[in-house]
Each structure stands twice: as C-alpha cells, then as structure tokens.
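Got some structures for you, see below.
Two complexes, one shared chain (subunit A), two partners (subunit B, subunit C).
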Partner chain A sequence: MASRRRMLLKVIILGDSGVGKTSLMNQYVNRKFSNQYKATIGADFLTKEVQFEDRLYTLQIWDTAGQERFQSLGVAFYRGADCCVLVYDVNVMKSFENLNNWREEFLLQASPSDPENFPFIVLGNKVDIDGGNSRVISEKKAKAWCASKGNIPYFETSAKEGFNVEAAFQCIARNALKNEPEEELYLPDTIDVSGGQQQRSTGCEC
Partner chain B sequence: MHAVTEDEEKWLAAGITGLQQNAFYMHRALDSNNLKDALKYSAQMLSELRTSRLSPQKYYELYMRAFDELRKLEMFFREETKRGCSVVELYELVQHAGNILPRLYLLCTVGSVYIKSKEAPAKDILKDLVEMSRGIQHPLRGLFLRSYLSQVSRDKLPDLGSEYEGDADTVSDAVEFVLQNFTEMNKLWVRMQHQGPAREKEKREKERSELRDLVGKNLHVLSQIEGVDLDMYRETVLPRILEQVVNCKDEIAQGYLMDCIIQVFPDEYHLQTLETLLGAFPQLQPSVDIKMVLSRLMERLSNYAASSADVLPEFFQVEAFAKLSSAISKVIEAQDDMPVFGVVTLYSSLLTFTLQVHPDRLDYVDQILGACVKKLSGKGKLEDNKSRKQIVALLSAPLEKYNDIDTALKLSNYPNVMEYLDDGTKKEMASVIIQSIMKNKSLISTSEKVEALFELIKGLIKDLEENLLELDEEDFHEEQNSVARLIQMLHNDDPEEMLKIITTVKKHILTGGAKRLPFTVPPLIFNSLKLIRRLQNQEETVADEDASATPRKIFQLLNQIIEALSSVPKPELALRLYLQCAEAADDCDLEPVAYEFFTQAYLLYEEEISDSKSQVTAMHLIIGTLQRMHVFGVENRDTLTHKATGYSAKLLKKPDQCRAVYACSHLFWVDDQDSIKDGERVLLCLKRALRIANAVQQMANATRGSSGSVLLFIEILNKYLYFFEKGVTQITVASVQSLIELITNEMQGENSTSDPTADAFFASTLRFIQFQKDKGGAVGERYEAIKL
Partner chain C sequence: MEDWSCYPPIEPSNFDLIIVGTGLPESILAAAASAAGKTVLHLDSSHSYGCHFASLSLQDFTDFLQTHSKTQSPLPEIEPSSGECNVLPLVTRPVYSSLEVNVYSPEIIEKSSKFSLDLAGPRLMFCADSMVDLILQTDINQYMDFKSVESSFICEGDDCNLWSVPDSRSAIFKDKVLSFTEKNQLMRFFKLVQKHYEDKSDEANAKISDEDLESPFAEFMSKKIGMSSKLKSVILYAISMADYEQDSVEQCKNVLKTKEGLDRLILYHASIGRFPNAPGAMIYPMYGQGELPQAFCRRAAVKGCLHVLRMPVVALLVDKDVGSYKGVRLATGQELFSQRLILSPSYVVPSGLVRPPNPLQEGINDMGTADAKQKVIRAICITKASLKSDVANCLVFLPPQSLCPEQQTSIRAFQLSSNVAACPPDLFVVYLSSVCEDVVQGKKLMNLAIDALFTVPVSKDPDENCTEHDSEFTTTKVKPTLLWSILYVQDQTAVEIDTVSSTFMPDGTLLYNNLLEATTKLFQTMYPGEVFLPKATSSDTVVEDVESDL
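Our next item is the complex of A and B:
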C-alpha cells in the first residue's frame, strides 16, 4: 500500500529532562552534538529520510520537553504515532524509574488500538560518561525491565559519541514501519451511491 | 462548568468531522493529481481552524489533525514541482484561497517547499511569510498559525552550515525571522489578557497558560540556531528578547519568559551576560514571581559549576557571586512585602550556588546567613511550614557540603539564623546537625566548639519555651539517644582540653531536666572515665603537679554529675554509676575517693531504693563490685563488707536473702589478694545462708506440706565446693558430706515434690565432684575424701 500516509513514519521521543532526547535526535538527524544543556520547550519534530527495501520513508521525529512545565498544551501530537522511544540516562536512577510513567502516560493519551503490541524502544543514553563508571543502571537490569514489558528492544547509546545512535534509529524506523497505521476510515455521509463505489475503487488502487 | 466541556467536546467532534470530510476529498484529489481540487478541499479543511469555540488544548487537537493532513499536501506539492509545476506559480496560486486563515496555512506549506527548492533565498520567503501572518490578529488562531510557520521553517533556517545559508550574514536573517515571529506571538498572547469580559479573567489566564509554550518555543528555536554564538547572543538575541519581555508589562509573560530564557540558553551564555539578564529583573512587574525564576537560575548555574572544575574560572572571571548577591538584595529591597518564604528561598539558592562555586569562601556563606538574619529580624519567628522547611534546607546545606560541623561552627551567623526558628524546627535542625556529625564521624575537639555546638542543638538539650506536651515518647527517646551518642563521641587527646569539654557538657546537660538526665549523664560519666583511664596510664611517665586534669579532680566532677540524678530520681542508675566510678577510682589507687563513691551508693541503697526487686539487683551489683576492689585498707573494707552482709540478710524475701548472703562469702576470700583470706567469715556466711535456706524450707513445709526449694541447698553446696577446692580449711570434708546427705534425703523424702531443675542441678554437681576426683593430682586428692 503506497499511500502517502505510509511514507511518513511518526516517532515520539519521551523521557525525563536532561536524559538527552534532543541530543539523540540532533546526533541522528544532523550528526551534531553540543555539551551545552538547552531545555526543550513544547514539542516539535525534525525529519529524516530513511531507505528500506528500495523505498524512501520520511521519519518524523518528535522531540518533547522532559520538564513538565514546558508541556503546557498537552500531548495531542501523540496521535498517530508509529513508534515511541523511551529514553533514560544510565547514570540517573530516577530517569530509569520514570520510564514506566512515560510509557503508561503515552498509552493512556495516545490510546493505540492494540496497546499490547504498540512498538516501544528503550534507549539507555550517556553510556560514555566516566567510561561507564558512574552508571547506576546495569544493562541487565534495563533489559529485564524491557523484557517484562513485552520484549521492548533496548539500545545503549551515547549521543555525545554517536555510539549506537544510527543502529537504534534503524530499529526505531523498522518497528514504526511494522506498526499497522490506524487510519480512521472516513466515509462522508453525504456521498451518493456511485460516489461510494468510486471511493471503494480508489481505495483498492492505492 | 460541566456543560461547557460537554459543549466543547461536541464542537471539537463537529470540527473533526468537517476536517475529515474535506480531507477525504483532498486525498482523492491528491491521488488523482488534481491540484485545483486539492487546493479547494484543503482550504475548506483548514477553515475548521477558524473556530473560536475551542479552548487551546482542544484547538490543538484539531490543529494536529490539520497539521498531519498538511504534511500529505506538502509532499504532493513537492511531487508537483518535480513534475514540472513551478513553485513560484504554486506560491501565487494558493493565495487565491478565499479565507485568510486557510490561505496563510497553505502559503506556509508551499513556502516550505519553495525554500527547499532554493528558487529564492530562504530569507526572503521567510520574511514574506512572517509579515503576511500579521493578517491574523485573533490571538488563538494567530498563535497556532505562527507556530505552524515556525515548525515548517524549523529545518530551513539560513543557519550556519545549513544548506539554506546564503552568502552574506544569513544567520542574522534567521535570527531576525525567529525574533520577529516571537515578538508578534508574544503580543498576541499578551493581548488575550485584555480581551473579553473581566469576569472571565480566571478562564482567560488558564487559557493563556496553556498557550505559553507556543510563545516559549521560539526561544528554544533561537537557542538551537548554530550561528547564535556568544557575541550574537549578547549583542542581539538577549537584548531583543528582554526588550520584548520588559516592555510587554504582562505579569504572566514576564515570569514565564524569564524562566524560558534561563532554561533554554546555555550556562556559559548566562554567565557572560549575567549583568544584562539580572538587570531586567527590577524592571519586571512587581507581581512576577521573581524569586522562583532567580532561584532556578542559581540552581542551573550551581549544577553547571558542579559539572566540572574546569568551568569554575568562568564564574570567577565574571564575578558571578557578587552579581547574584547584589541582584538578590535589590529584589528583596524593592519588594518590601516579600514573604519570608521568598526571602529564604532566594538566600537558600544563593547559598547552594556559593557552596558549589566558592567552597573555600566561608566568608561568603556567612555573609549570606547574615543577610538572612537581617531580613528575618524584622519578622519574628517563622510561622509557616514552607518557610521552616526552606530554612532547614538553608542550614543543612553547609553541613552537607563540608561534611564537617567544624566548618559550620565557624560561621558566626549560623546560630543567629537558628534563633529565628520555632522550637520544633530548632529541634529538627539539632537532629540534622547530630546526624551529620555521626555520619561523618566528625571530631569535635575543643571546649569552645563544644560550647558552640551545644548552643546550636539546645533544642534537644533542654526544654524550650514551648512545653513538651505533644511530645511522642519514642521520638523523645530517639532524640536523646542521639545526644547520648554525641556526648560519647567527644574527644581530645589533650587531657586538659578534654576536661574542659567535659565541664562544658556538664554545664549544658544539667539544664536538661529530669527526663533528659538519665540519657545524658551516663555517656558523660563513661567518657570521663575514659579520660581518667588515659591519665592513669600516663601518670607513670609524667606527673604534672599543676595539672587540673587529675583523676581526683575529675572524680569530684563526676560525683556532682551523678548527684544531679537524685533529682530525677533514678536511684538505681545513680547507684550503678557510683559503683562504676568506685571501680575506676580503685584502678587509680584512690582509696578515699573509692570509699566516698561506695558511701554514696550505700546511702542510695538505704534511702532511695525501696522496691524489693531493685534491691536484689543493687545488692548483687554492690557485692560484685566490692569483691573486685583492691584499694581498701582493712578498716574501710570491713566497714563496707559488714554493711553489705547486713543489707543482704535484710532483703525482703528469704530466698533473696539466702543468695545474697552466700554471695557475700566471696567478699572474704579473694584469690588475687593475700590480705583477704578469711576462712572463718566465709564459713560464717555460708552457715548463715544455710540457716536461711532451712527457714525457707520449714516455712514451705508449714504452708504447703511439701518440701521447699531444695535448690537453695544445692546452690550453697556449690559454694562449699568452691571454697573447698580453694583450700579454705574451715570448709571440711565432713561439712560437704553432710550437705550432700541433707540434699539427698531431702530429695528422696516422703513429702518431696519432684523438681526437675533441682534434680538436674544436683546430678551435675555430683558429676562435677566425680570429675574432680578422677582428675588426680592435687585437686583429685582433695576430692578423694568426699564419698558419694
């Protein structure tokens, strides 16, 4: 099905403030990293073209504010997401503990039709810091949590060094692609019989 | 209220239906490459965004749907241009849409494709779009339109290194575009405040607060522009933003946007423009919550300072402390009615900052505390919970930073701040202080510091003005135990100083009252005894004649301290402590002192300890201690043992008497003291014990017709055996033998009741005798004579 909708893959990045959501996105899209912390306000996206099996897709990557007070308009942009990326900082316990809140909040607000199988991906970021010596969450622990939530794929990343970022987003894109789009099938009620048939036939063509 | 939200849901649903309907036809047009229809239906679809009925959050839902549809349209436009349709023409074409709002959305969408096509400089197209957006003056609709513009242009700004970067200074074009959009959005947002009836102010403010991120987002976009280096930030970006913030004179916008500036731009920039940034604060509306914003700034900078030692020079170079400190004073001065909470929050943040950036500048810390005191002095004691918590945080910060109470004790204003706490908070703070000392095992090593410390923790040391009525018993015990541990920890290697410390502690704890003394006196006594032991070890080497720290003097002090317990009254505890001291005095060879302590203990025994159980315990303590004493000459010893046996025989219950009396036998025969080998009196004690045991038995026979406790006899037999083995000649084989017989008869007697404990005890005693017999040698020989 080569509908326009399918060429666009919508990804939402969630996680506590400061875990590196913006940095991961910038590293992936622009191959840039800055040590400076600049808080995100509200939500917006960057796009990146990705290729799969000879077809080009546009990844629409939504970066969000981890600080609650900068998310005043609500989360209407969750709608239609194909994949949700949960990020935490392997050096900050609280950010890991909050993953579940982020996940549940997403499921509640985005209300995907099949929440059990909605694609999530977890990224444990900042593995570069202190050569990993200041980690408080082990890979094993993170993987166990991911396994308990329906085998969520897990990546350890460093936005700073670009480590595993590409691989993680490849996986993100692949899983987004697998997600069945939830097009609300809309049939205008004023449509006449012939129009209805016409509509059906166009539907089949695409 | 409920009806309103229900209506809103209906309107939203209607809007979505309208939108979907037009989107449906738009899709068909896109699929059949029908540009004309695509434009027609997309414009109709976008007309749904012209509603004024939705709250911002609901409008956002509708907007997001339109937004998603517009992505498809954008792709279509791009394909169209690839098929040869001129983007310039497209840009012209969409301007024919009838309504202005749909037209502008379409224009932005084509504009995005236009910029991408690079057929015209990005800057010109952006300028055009941002100018044309002025056409929407309805705040809600305008804000969303402009954030749409901001979103679609986000990756097309002529930034440094971007593919849209032009030849000359295009970064400033990018900045100019975003700044202009920001300014216009802020104006729309502020204008909302003044539209509509006054009674809807609350609703309006809620709506404005929901919309704020649309405005703030622009600052985030600015911060992400690569080309905004420090210079451009200092020269253009910050002044322009601040100008808008200050001039809009809107309380909500000012508080929020200042916060945004602080969060969105990097720390280095803040440090280098601190003066400009701080300079804006006094120009804000008085109702802006400046303390919140300022303390967030300081929090940010503190974290930055903590991130690496390498950044600290930046702080010194710009004199950040001085600037922040003066900004805070100005704010506090200007806002005379700022509640205590605000004041303390500000100082607390500044303190955290200082501890992080200037850990070596205790004078700064003290200065902050001093300023705090000055402000508090006008306000009396803190009443509200929030302020109290904040002040506890303020006072805890130096302790946590330095991990060392010593440093805090050097802060002259520290106790002054404590003065303004209510009694409950004083106690809480005292606990925090003690915990910090425990955790860090801090040594408090001079009397001066101890004095200062006890002054600080006086909330735990004595009753403050408020009474103790609400006090929870368990909490109280925990508190006092922590004080006890603290007392135990005080130490100085120099005996003179240690004595001063003890004297200081004594002074403080004696004010503690009856409930506290039982907790605080014992650790002080034990700590003092430690000192005495130390002196005693030293004395052999150096004997300093003029020293005031002599065991004798310390014992005098201890006598006074224990005496304080008499007011409690806790005679059992006091007695125990007297005996401890007596034993220590014994080690120091101070006979009169030891005798004095015993006399005190006896006095307590006679006059204060009246409960029979306590008497028994006390008696055994006395006997045990006395037995271990070496220092007494014959006369003193006689007096004391005589009394002890006398007391023993007068205990209330006969079995207790019996046991105490046979215990007294040990007072007359001590292994390691040649002078105490008085077999006559040992025998006297044991015989006396036997007589009492007899009496017990007779009494039992008389009352219950059964044999009394044979246990006492067996116990006495064991004493006999003990002294027999020691070679006390007065304890003869015959006497042992007859005692064994007596017990055997007793146990086999007609009216004896079986007592398994006694049976077992007796059996093991006999086994012991047999064992000693079998040993051979001198012991075996002695036991040989006993026939079983």
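Our next item is the complex of A and C:
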C-alpha cells in the first residue's frame, strides 16, 4: 500500500537570513519575484505537483518562517524531510561559511537513518547581482565543498531572473523521491484530521 | 561558551509583547497575539521548544526535572541599567519535587535519544474536543501527524485484570463482563443522554430536569437511573474522567455535577467517528505532546513573531520612579522593552515590581488550573511488553478505591508504543498521573498503581525476575517487567494577569480543555476586543500577501 510519504515529498530550505530562500521558493512555485527584501513573515510552505514516470507527487517546500534568524527552528521543522536544500548568497562570505553549520544542524535535528546518503542540494543564489562582479565565492570553491561532503549536487541560481531555478528544483524533487522513508512510522494509520481536504494518502494504492 | 554569545543583537528593541518560555500556553499566546497584529518576541533559555510541555529524550528529561527542582542560587551582582530603569533580578522557583529514578536495565539509558518523553504526561486529545478544533482552525494540523489511541481499559480486582471500557454501543454489545441487565441499562442511559441533547428546544421531551443537572452525577446515576456501582464507576472515572472519589459527596474535593458528567459523555461520543480512520475516541500526536508548542510557535512565526532560543532573561527593568514594568535584560546584556510581559510558571515575579493600581485580576480564581495547593504526581514506566497483548496505545483507569480503601483519587495510565515514536521499537512507555494534596500519600498510591500494573524487579537484573512470583496461582497473568521508571511530583501554579502575567503548570487532567480555557481568558483579558486565533488563511495566498505588502 502506498503511504502518503511516497506521494508527498517534504523539502526544507535552510541557510542564513537574506540569502533568498523565500524568493527561490516563490520563483519556482509562483514564478514571481519581489526586489525588496523583508525578513520572512507570512511564508509557511508552498506545494507544487511534480510528475515522474507517470506518477504525480506533491512537493511540499517548507520555509523557515524566519525562525532561522536566531537558529531557533524546532526539531519538528526538520523531521521527516525527504531533501534538504542549503542556500547561500555568492556575494556574502559568511553565508557560505555557515553552510556547514546548517548541514550539521540538519543532521543533528532530523537524525536521518542514513546520514551519509541523505539528499542535500546546495544553491549559490544571487548570481545576477552586479553582473557577477560582486561575488566572493567562486563556483570552483563551492563545488569543492560540495564534493567534500559526499558529492552534493550544486546549482548557481538567480531567484530574481529565474535563472536555473527550475532545473535546481527538478533535481531536488528527483533526489527527494530517491530518499527512502525512515521506517514504517508514517504508514497508513495516521489519522486524517483535515477531513480529506488535502487528499494526502489517496492516489495510487499500488 | 554558549551559542547565544554570538547572536547578533535583537532588533527592534521595542515590542508589544515579550514572552519568556515556550510552554504550550505561552506558545498559543504567541500565536494568538501575532495573529492579532501585535509585535511579539518569544524567548526561551533552552535549546528546544516546549518548557513544561516538552517531549524530551530520556537524558534531557531527567536533566530538565533536576534543573527545575532546585532553588536557583542567587545571581551575581546585577549591573545597574544605563537607562531610566531599575533592575530587578529574575529568579526561577522549583516546580518539581520528590524526583525518584529507578534504572533496572542500564541499556535503556544508551537508547536515550530514541525516546520522546512527555513532561506533562499522560495527556491526549478527544477527537471532538476544543484543542482539536483549535488545531484545525489554525491549520497547524499541517505540521503534525496523529495516531489513534486504540482502546481504554479499567483495571479490575486484585490481579488487575484489564477490562475494556464499554464506551459505545458496539463495545457494550461485545462486552463479556457486564450482565444482560447492566448492558440494557447502559444502552438505555446512552440513549437517554443523546435524546436529552437532541431535544433541547422541546421542553416536553427534555428528559433530564434542571434540578437533576445540578445534582451530583454519581447520585443521579444511582438514584434516578438505578445503575449498579460497577456501571457508575465506568461512567464516572473512565468516560467522564472524574478526578476524585464521587460517592461521598461531603468528603469529595470536586463533585462532578450531572451536567458536567453528561457534557463529557457527549464529548466522548461525538469523538468516536469524528475522523473516519480513527477508530477510538482519542488521538495522540506523533513524537509526543511537545509537537504542539512547536506547531503553535511556527504558526506565530508565520504571523511575524520573532523566536530566540538559548536566550536566558536575567532581569526585569522597571520604571525608576513608579516601579512599573518596562522591559527585560537578556543574558547578553541587551535590554528590550515591551508593553506587556508573559512569564512561564517557573519564574518568580519579583516582589519589587509595582503593579498598576487597577490590575486585570478579576476572574482569576475561576481559571480552572488555579488551585495552587494541589499537586500532580506523575510517573513514567518503560517496559518490554504491552499492558495488554496486541494493543499498542491505550488508556488504563485505576478508579478510586480500586487499589486500597484510602485511594481517593483516580489514577490514569497511558501506554504508548514506538508507532507514535515515543520509544524505540519493541518497547513501551506508560505514563501515570493522579492529582494529590499530600505528597507522601500520593507517592504511596502511585507505587501501589505501579505494583498493580507491572512486575518491579527486586534485583537489578530484569531477566531474573521474569518468572512469576505467584506461580501457584495459574490464573495470574504475567505483568510487564519494569526496565526503567521515574516518579515526580509537579506543583500547580496560579495564573496571574497583569502587565507582567504568569502562565501555569500542566494540570492534573488527561486533556487540554482547562489549559485552553485559561489561555483564552488570559488572552482576552490582555487584549479585550481582539479575536482569539481567527481561522487561518491558506498558506499559498499568504506568501503573495507579503509581496503586496511591500
């Protein structure tokens, strides 16, 4: 029997404040971008249907809702993630240096059963700024870090221009799908309190 | 060095409301105030959410209880404030006592992180209760998963047989303990209650008089319905969940009125079948109760609340001339200001604080959880076997006088398995609690309950004790052997509402109803005219709203 976990893929986006997490989500799901930065208020999660091999999946992309500002994301946020997206700003050194902290925080809090093979993806965002002249992290340096952490796929993106965003999220979805759900904790007997509005566990029962 | 030393300063430095502590009442208030458009700063000295409502690993659990059962040593000299304020040091008070840990099987400790133990257990939700309504109303069910509590039992007789609570028509039908007459009586009673509620408008059909509704429920059932004491006990303690022995009205601390008893019966019945795939009346959040404060905090964050964990508050700032509340000083030395402050119950409101002449104190004594003299005795038992074979998650009631004639309170046990992620596979966690006034008496009673339900190893090796003691009695069933247990007494604290308000410790009931009622009142007293957590808008549109805001 297909569990809802196989139909619903939870993706979380981590990274320092201001690197463009909410904008990336918004560009991917709503194809919209706002130039003015305001610390995230009001963002919860966005969902998008994706198709793989004739089956539809719901990608549920969780925003940090601003709780990353003081590293105050609760363990519940991390739990059950199928893929973790780490974002930094190619123009801000500190945001790159903190990738490792975010990765470790994720592994600690989510405690996936196979931490070595848990799917991460790294996005170097804001490559559009100043035509790339203000960037402080080279693609080579970022890729080297990704390689050292078990070959994490790496994308350079611009949420503003929509550059590479679609491709990055395709990869995110593919890798989320490959992630085997932990154990049978999620299997069918969770109670559907939403009255079936979300249709979480329906769909293909093969 | 602690993490907070490298936090950037918190901006802005002025808020409508600062909340210290992330327990469930504080977290609900953070969500409600944020939803009402207030600017809220939510702080906690811990690295995780939940305070006295958290679910913790075994090690964190005992550490938390130990920390909060000590009187805080006096703080070092507090520096005077640079501004126009006096500084009052903020100290914590012990809220737990009589902590007793028994390790029978040391390997349990090695699995510490695989446990998610509730500090305020046993506690669960009726499918139709107000907490579930609030969860749905605020859409936080998106952040949580729930599992069904399969069944409930009453512990009966000297060898503690677990008898299924005949709580619904089908359960009565299947019951093997009740006599035919008793079954009929119970069926008729359920029908009568249902009719009473259905025909409320129709005076002629109102089957239960107002006078009866005000009478003690126990008396109503025996005198008006003619129920056997067995049936009465089922309804009083396993369905209406009365805390105290109800038969002697004069001595009873809290007499359950017929109306209250019937309301709970109706809630119970409305809960069965509310969610199509929840077979029982009750549900429990996966990973524990501690998911609730986190979910409300995320809801608050989505509405703009700023959360800072690992951030102790060391002092209150008060006006130099008037002595009224102005703000707080953090462990980093930063000073922040707000109109109002809410403190978790482990903090003592400093005596130097001058309250405004017209405080918002009215109605405080009827806040449900305000009986500060009452304590709750709680225990957790970890075993390898279920209390009832083939049952994973269940409730067990030990009604008053079932353990000994002096037992005046009902003891409840709540077993959870690994399918709610409470513990590693093949183990079970059983929460027990009872209200108590006398700690010695309460502990004695709790130990009797533990003895009734479990085999307590005499030596430290649990395997030696697996053979039954009473092998000559072939009918004696094998009780699960304890691997680890903890027992503690938790204080109750009174709600205080003012510019500096205090929330309260978990109450002695199994449900969230009292907590929610008191929290709602606190919010409405603080912010009269504001709607308490209005229905959430869908998350997809909310993100777009941000853009149009800019």
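Just so it is clear, the second predicted complex is superposed on the first by the 167 of 206 C-alpha atoms of A that agree within 3 Å, B and C clash if a C-alpha of one lies under 4 Å from a C-alpha of the other, contacts with A are read in each partner's own complex, and residues count from 1 in each chain.
Just so we're on the same page, a contact is a pair of C-beta atoms (placed from the backbone, for glycine too) under 8 Å apart; a residue touches a chain by one contact, two chains touch by 3 or more.
Please read all numbers here as calculations on a predicted model, not as lab measurements.
Participant: With both complexes overlaid on chain A, does A:Met7 touch subunit B (first), subunit C (second), both or neither?
Facilitator: In the superposition, A:Met7 contacts subunit B only.
Participant: Go through the superposed model and pick first if A:Gly74 touches only subunit B, second if only subunit C, both, or neither.
Facilitator: A:Gly74 contacts both subunit B and subunit C.
Participant: Going by the contact rule set out at the top, does A:Gly66 touch subunit B (first), subunit C (second), both, or neither?
Facilitator: So A:Gly66 only meets subunit C here.
Participant: Given the touch rule stated above, what does A:Lys178 touch, subunit B (first), subunit C (second), both, or neither?
Facilitator: In the superposition, A:Lys178 touches no partner, neither subunit B nor subunit C.
Participant: Based on the superposed arrangement, let me know which partner A:Arg31 touches: subunit B (first), subunit C (second), both, or neither?
Facilitator: neither
Participant: Taking the two structures together, which residues of subunit A meet both subunit B and subunit C?
Facilitator: 32, 34, 36, 38, 40-42, 44-47, 65, 67, 69-72, 74, 76-77, 79, 186
Participant: Can you tell me which positions in subunit A touch subunit B when the two form their complex?
Facilitator: Counting only subunit A, the residues touching subunit B are 4-5, 7-8, 32, 34, 36-42, 44-47, 58, 60, 65, 67, 69-74, 76-77, 79-80, 184, 186-188, 199, 202, 205-206.
Participant: Flag every residue of subunit C that touches subunit A in the complex, lowest number first.
Facilitator: For subunit C paired with subunit A, touching residues are 3, 7, 10, 48-49, 113, 132, 135-136, 141-148, 275-278, 283, 286-287, 291, 294-295, 297-298, 301-304, 306-311, 418-419, 421, 539-540, 542-547, 549-550.
Participant: State the interface residues of subunit A toward subunit C in the complex, per the touch definition above.
Facilitator: 22, 25-26, 30, 32, 34, 36, 38, 40-47, 65-67, 69-72, 74-77, 79, 111, 185-186, 189-196, 198
Participant: Where on subunit B is subunit A touching in the complex?
Facilitator: Going by the criterion above, the answer is residues 20-21, 23-25, 27-28, 30-32, 56-57, 60-61, 63-65, 68, 71-72, 75-76, 150-151, 154-155, 209-214, 216-217, 219-220, 223-224, 226, 259-260, 263-268.
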